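The following blocks contain the structures, represented as structure tokens.
Both complexes below contain chain A, partnered by chain B and then by chain C.
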Partner chain A sequence: MDRIATRLSTCFETVFPDLAAKDIPAATQRSVAAWDSTAAIMLVNVIEDEFGIQMDFDRLEELDSFESICQYLKEQQTAGAASDGSSA
Partner chain B sequence: MDLPLKFHHIGYVVPSIAATLEGFIRSLGAQWDGCVFEDPHQKVKVTFLATRPGDPQIELVEPAGGDSPVLRFLREKGGGLHHACYEVEDLERSMGEFKSRGALIARRPKPAVAFEGRRIAWVLTAEKLLVELLESRGAVSR
Partner chain C sequence: MTVTEALKILRAARKLEGEPYPVELVCGFTPLHLETFLGAHLQQRMSGRRISLSTGLFGNAAGNLESLQGKDLCAVALALEWQDLDPRMGFRSAGQWGPALLPDILKMVRSTLGRMAAAIEQLASGVTVACSLPTLPLPPLFYHPGWQMAEVELALERALVEWASECAARRGFALVSRQRLAEESPALGRYDFKSELLSGLPYTLPHADCVAESLARLLAPPAPKKGLITDLDDTLWHGLVGEVGPENVTWDLASHQHLHGLYQKLLAALSEEGVLVAIASKNDAAVARQALGRPDMLVAPERIFPVEIHWNAKSGSVGRILKTWNIGADSVVFVDDSPMELAEVAAAHPRIECLSFPTNDAAAGYALLRRLRDLFGKPRVAEEDAIRLESIRQGAGFQNAAPDGSSAEEFLRQTEAIITLDCDSKSGDPRTVELVNKTNQFNLNGRRHTEAEWRRRLRRPGAVLMAVGYRDKFGPLGKIAVVEGRQQDDTLYIETWVMSCRAFARRIEHQCLKALFDRSGAGKMVFDFASTPKNGPLRDFLASVTGTPPEGPVELTRGQFEDVCPALYHRIEETQSRNESWIESQPA
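And now, the complex of A and B:
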């Protein structure tokens, strides 16, 4: 598990305390009963605090799994690095 | 709270405004102005019902599109009471105030078609009350 995935995993542990650590990488909205619309909002807020970013709430519907959120965070990191580079 | 909240409306999610409107009008003896707004930013259709002039209204909310934020509520709960809306002078300051009291940010400010482009934002209180914050008419947009 890379660093982003590890940090994201801690966010999942916070929002879904009943979810076993081994099940987090494969977690999806369908597989986690507690992942309702309220939990989705909590998850975004916890992730924003952890990563120091502002997520696009309009993409909540597609960010429906650990994997898709991890990919989103990697894209944000890449975009942020590119932006930093262009402004240097 | 430092910032006085003015109760504006409650939101009630329905699968179809057209199919439920008459029932609400009949049950509440409400007035309807005939306006249905489709909002591409919020991805909903909304209409408002009034009982007495000046009193808070009931907003019927219908999902508009497969990625509407209320579609999930409709799927999970089958619709129903969804949120309370308060009008505030300073949207960002109110959001900060709610956050300092344990609320989560549920959506950041965006203009709303139903309110002449005034911005709305969403917070979820610690008690799981979804609150819509509506920028008052005199507010200066940021």
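And now, the complex of A and C:
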């Protein structure tokens, strides 16, 4: 698991305390019963705290799995690095 | 606090065992963040006890409040917004705006506030209510430009403030200060328009955190400090009295030293509220006392006791003052302009709160006055507050007058002591639970209770309560002891017993037990004793009557007590007829 995925895992542990650590990488909105619309908002808030970013609430619907959020964060990191003019 | 921190606090609290503390959050919007932050802030303030927070239906604050009648709760947090009083004042409603509708909106607001007032009245007695009045701006529904206050807007504010004033008269109802909230959460940072439209969450995260903390502070306030020890030179007044003379120290506007005058005024006010004020100063006592006796002093010298003025270490002065007051260092604030003196006192008394008096910094001076108000703030001034200083002064007189040995017996006989027993468990006098919650040394087990829990205990079948007052020729001590428990057959189970440390050495504890045996007719008592870091005096007393230092619950028979009970010289006055049952017989 890379560094972003590891940090994202801790966010999932915070919002879904009953979710086993081994199940986090495969977690989706359909597989986690507690992942409802309010939990999705909390997850975004916690990710914003952890990564120090502002997430786009309009993209909330497509961020419906651990994997898709991880991918989104990597895109943000790349975009941030590009806008800073630094190499990835 | 961040959302992540709040969730971690709540997660850790899931492991706490025991009876949870039930709180209802009433609001008309999606409570998500406010609920999370409120739970976390309450949990921080009530460590060791799990907060159980529940919420009602979206968009129905008044209905949610009405649904609480009969619900088993300790506290209610009410976060009002304008839309809760009429949905047309919210942004998610499709209701029309327009000048013709304004009178109807005002009518609806008054009607909803009336429903809410009635619902609050219906809450079980003892349930604490904390309320924040609308924190978000009104929508642009008036025909005036936004920079002008519309007449209807004034009428809405008036209806709200009148409602809040009526509610505030209810015991246990407290309002968030809108002024303090505006400082901590500035208006422009409060509202998240997009979030409200998308998810019904109108508060920004920092504002949700701030409102939650404000409500939690009211529901679980910090214990107010009880005593303030102040320095003199460059603190109570400007100047070194030993150098400039008693007539030349200043505290007025003309000399640009009014901060010292304001400090004196605050001390005078605190003293009237029952706060103990003492002096610890390194000075020539005769000279300093001349300055204290000046007629233009804004705090009367007789409001200050004890006064320690000499050249020895201030930590010693503070130690003697604490002993005279008989309160813990953690209940006391020490104010001095000298960093060295503050450090010396802090080193000797680490639990005392040491505050620097800023001599040349007006902003810091203003902050100090506000800080002192917060540290000593309390919901109301009680009868006992007015006589606290006098009773401590009298207590010191009692201790000084009390001789040792055989003459002590004669001394106790001559104190003309009168003990008042109030055994009405249904009276609901809230001062009984207040005394339980603030007493540490003579305390059976250190357990604290909310007012709602206390009332529930007193409604149990077999419940007994005895509140004890005391006065003697040295003066009144007010209500000084509370015993609570339940009687089952021949046994009296004592589950709460506290007595103010001001009342030690008068055999009041013996008289309490005698009165309990006499009134109940029980053959034995079982004390639910549990050791705490501070309740040594009660442990020692139980050891003296049972013959063994207790380690847990302990039993005392009538015969055992009668064998060791010394002569008691108090005259007893009872507020209830002996023929009336003092035991609660009906189940709650």
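Some observations on this one:
Convention: the second predicted complex is superposed on the first by the 85 of 88 C-alpha atoms of A that agree within 3 Å, B and C clash if a C-alpha of one lies under 4 Å from a C-alpha of the other, contacts with A are read in each partner's own complex, and residues count from 1 in each chain.
The definition used in the following text is that a contact is a pair of C-beta atoms (placed from the backbone, for glycine too) under 8 Å apart; a residue touches a chain by one contact, two chains touch by 3 or more.
Quantities reported herein were computed from a predicted structural model and do not represent experimental measurements.
Legend: residue contacts after superposition of the two complexes on their common chain; A:45 is shown touching both chain B and chain C. Contact with both chain B and chain C is seen for A:37 once the two complexes are overlaid on the shared chain. Using the contact criterion defined above for the overlaid structures, shared-chain residue A:15 touches chain C, although it does not reach chain B. In the superposition on chain A, contact is made by A:54 with chain B only, not with chain C.
Of the two partner chains placed by the overlay, neither chain B nor chain C lies in contact with A:28.
Contact with neither chain B nor chain C is seen for A:71 once the two complexes are overlaid on the shared chain.
Comparing which residues of chain A touch chain B with which touch chain C, the overlap comprises 37-38, 41-42, 45, 57. Every residue of chain C that touches chain A in the complex is listed here, in rising order: 2-4, 7-8, 11, 14, 30, 32-33, 36, 194-195, 198-199, 201, 205. Looking at the complex, you find that chain B touches chain A at residues 67, 69, 71-73, 76, 104-108, 124, 128. Against chain C, the residues of chain A that register as touching in their complex are 11, 14-15, 17, 37-38, 41-42, 45-46, 49-50, 57. Per the touch definition, chain A reaches chain B in the complex via residues 36-38, 40-42, 44-45, 48, 54, 57-58, 60-62.
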